[in-house]
Amino acid sequence: MEYSIFETEIKIRPDDIDSNQHVHNTKFLDYVLAARYEQMINNYKMSMAEFHERGFNWVVSSTTINYKKALKLSDKIVVRTQLVEIAAAQSRVNFWIVLKESGKVAADGFILYTMISLRSGRATRIPEDIIKRYSV
Amino acid sequence: MEYSIFETEIKIRPDDIDSNQHVHNTKFLDYVLAARYEQMINNYKMSMAEFHERGFNWVVSSTTINYKKALKLSDKIVVRTQLVEIAAAQSRVNFWIVLKESGKVAADGFILYTMISLRSGRATRIPEDIIKRYSV
Amino acid sequence: MEYSIFETEIKIRPDDIDSNQHVHNTKFLDYVLAARYEQMINNYKMSMAEFHERGFNWVVSSTTINYKKALKLSDKIVVRTQLVEIAAAQSRVNFWIVLKESGKVAADGFILYTMISLRSGRATRIPEDIIKRYSV
Amino acid sequence: MEYSIFETEIKIRPDDIDSNQHVHNTKFLDYVLAARYEQMINNYKMSMAEFHERGFNWVVSSTTINYKKALKLSDKIVVRTQLVEIAAAQSRVNFWIVLKESGKVAADGFILYTMISLRSGRATRIPEDIIKRYSV
């Protein structure tokens, strides 16, 4: 299955800028996090809060990010994400942080998320209805 | 003189939330910073970058903030600011962080900014043309 | 009553530095927070976790901070705090962020904390045994 | 060549904790950054400031991190790093974030750094004397 690519605009904040006058490298990943939270609401129609209500949580198990262009405070960016695989207790999401005007990629990478049970704190099989909801 | 109140919408990010499940108290001040940066561009027509080009910088000399309501990730907020005084090397700005829907104030306070010369690192008199530009 | 002044060393991290090449202004307050957490353990012998276990939480109701000197990554600093008043549901703590070598004050101010009940989310009277514990 | 493993103790701060009550995932990478800055001074005897004075800067080109255990505020941690390769304009550094008492690995991964010229902003060949200095 080929999953949809979702896109969220993120506004760079002055407190994201580090001593190199660019967006601090770890903030790129906070932008991806913010984009996914919005996409959970807008595109999967199941917010993180709703996951919690059902006793689930998503945690990051692994991240790879490649930096291609520095970002300045005045840059306008969008975060694109695409689910690549969802099975057992994990989902893998590719992402691209893209300059809105030029379409150039400032960074790309992927995140491996694991679903855990809030009760046990352990990895748990992703329920079928959630896999279906994510199959868009 | 009675200065205008300017308003900027700020999006709360998941990485702003702390262990109390609310926006971390110092992030409120980063929201005010972000709002002021935007208002410098949109309302005073002189971005921070333009200040730097003229050899100036604004630094925070004093901050007072009163917290009235906790903010959740799902809250929609605006930051309102109003210049109260601008003279010699300093400007004083009142702010209110407001829940967009209810209009309730989540926090208010003021920031005292000092203009410094980038060359000397010292406080410097705010030029007349900048005071005029801020007199809106 | 004259309360003790407690002191905690804080290490400045590279991600605390902003585009002005100095510690970002809101991080000063995160340093005070970190110092208080340590002092709760070391000086009051009651960690924040223990407060939570008893159904209490401390939240910030008001902060005032005056910036006197910029901090660089290489600066060694200590945070000094002193309880000024503790009564009803609130405590007021003065703080000084001090350069370790010169003893110069980089920032000072105070924070007004309110004790809340975790169950109700509302302000609650500070129990007598906690007031005693803080009377050092 | 087999390079040394260097170790730096990092103190977790309350503002590093996110809504899951654990250290926020991107802060792990800020801990690695802080450890490397200290190791530049203590182990390579060339601080980031000295790199800047020579017209160089290190930027992150790629990061991979695997999360194995959540970190709590009370956890004591060390960051171990080991240079794996340094050639042309890049160095690759493996890292492990380790619980001090149990020795268990909370996260591991690697970072690919690129040396850039401050003047051109472009990748530049790492000078021989710096490669030597890093060959410990």
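Order as written gives the chain letters A, B, C and D; numbering starts at 1 within each chain.
By definition in this document, a contact is a pair of C-beta atoms (placed from the backbone, for glycine too) under 8 Å apart; a residue touches a chain by one contact, two chains touch by 3 or more.
Because the structure is a prediction, the values reported are computed rather than measured.
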- With contacts defined as at the top, give the pair, B-C or A-C, that has more of them. B-C
- Farthest chain (mean CA position) relative to chain D: B
- Message: Nearest whole angstrom, what separates the Cα centre of chain A from the Cα centre of chain C?
- Response: 34
- Task: For chain C and chain D, let me know how many angstrom lie between their CA-based centres, rounded off.
- Result: 29
- Task: Measure off the straight-line distance from the CA centroid of chain B to the CA centroid of chain C, and report it in whole Å.
- Result: 24
- Message: At least two partner chains per residue is the criterion; list those residues in chain B.
- Response: 14-15, 26, 30, 33, 73
- Mind pulling up the chain D residues that touch chain B in the complex? 14-15, 17-19, 21, 24, 26, 73
- Message: Quick check: in the complex, which residue numbers of chain B touch chain A?
- Response: 11, 13-15, 30, 33-34, 37, 47-49, 73-74
- Of all residues in chain C, those that touch chain B in their complex: 20, 25-27, 29-30, 33, 57, 59-67, 70
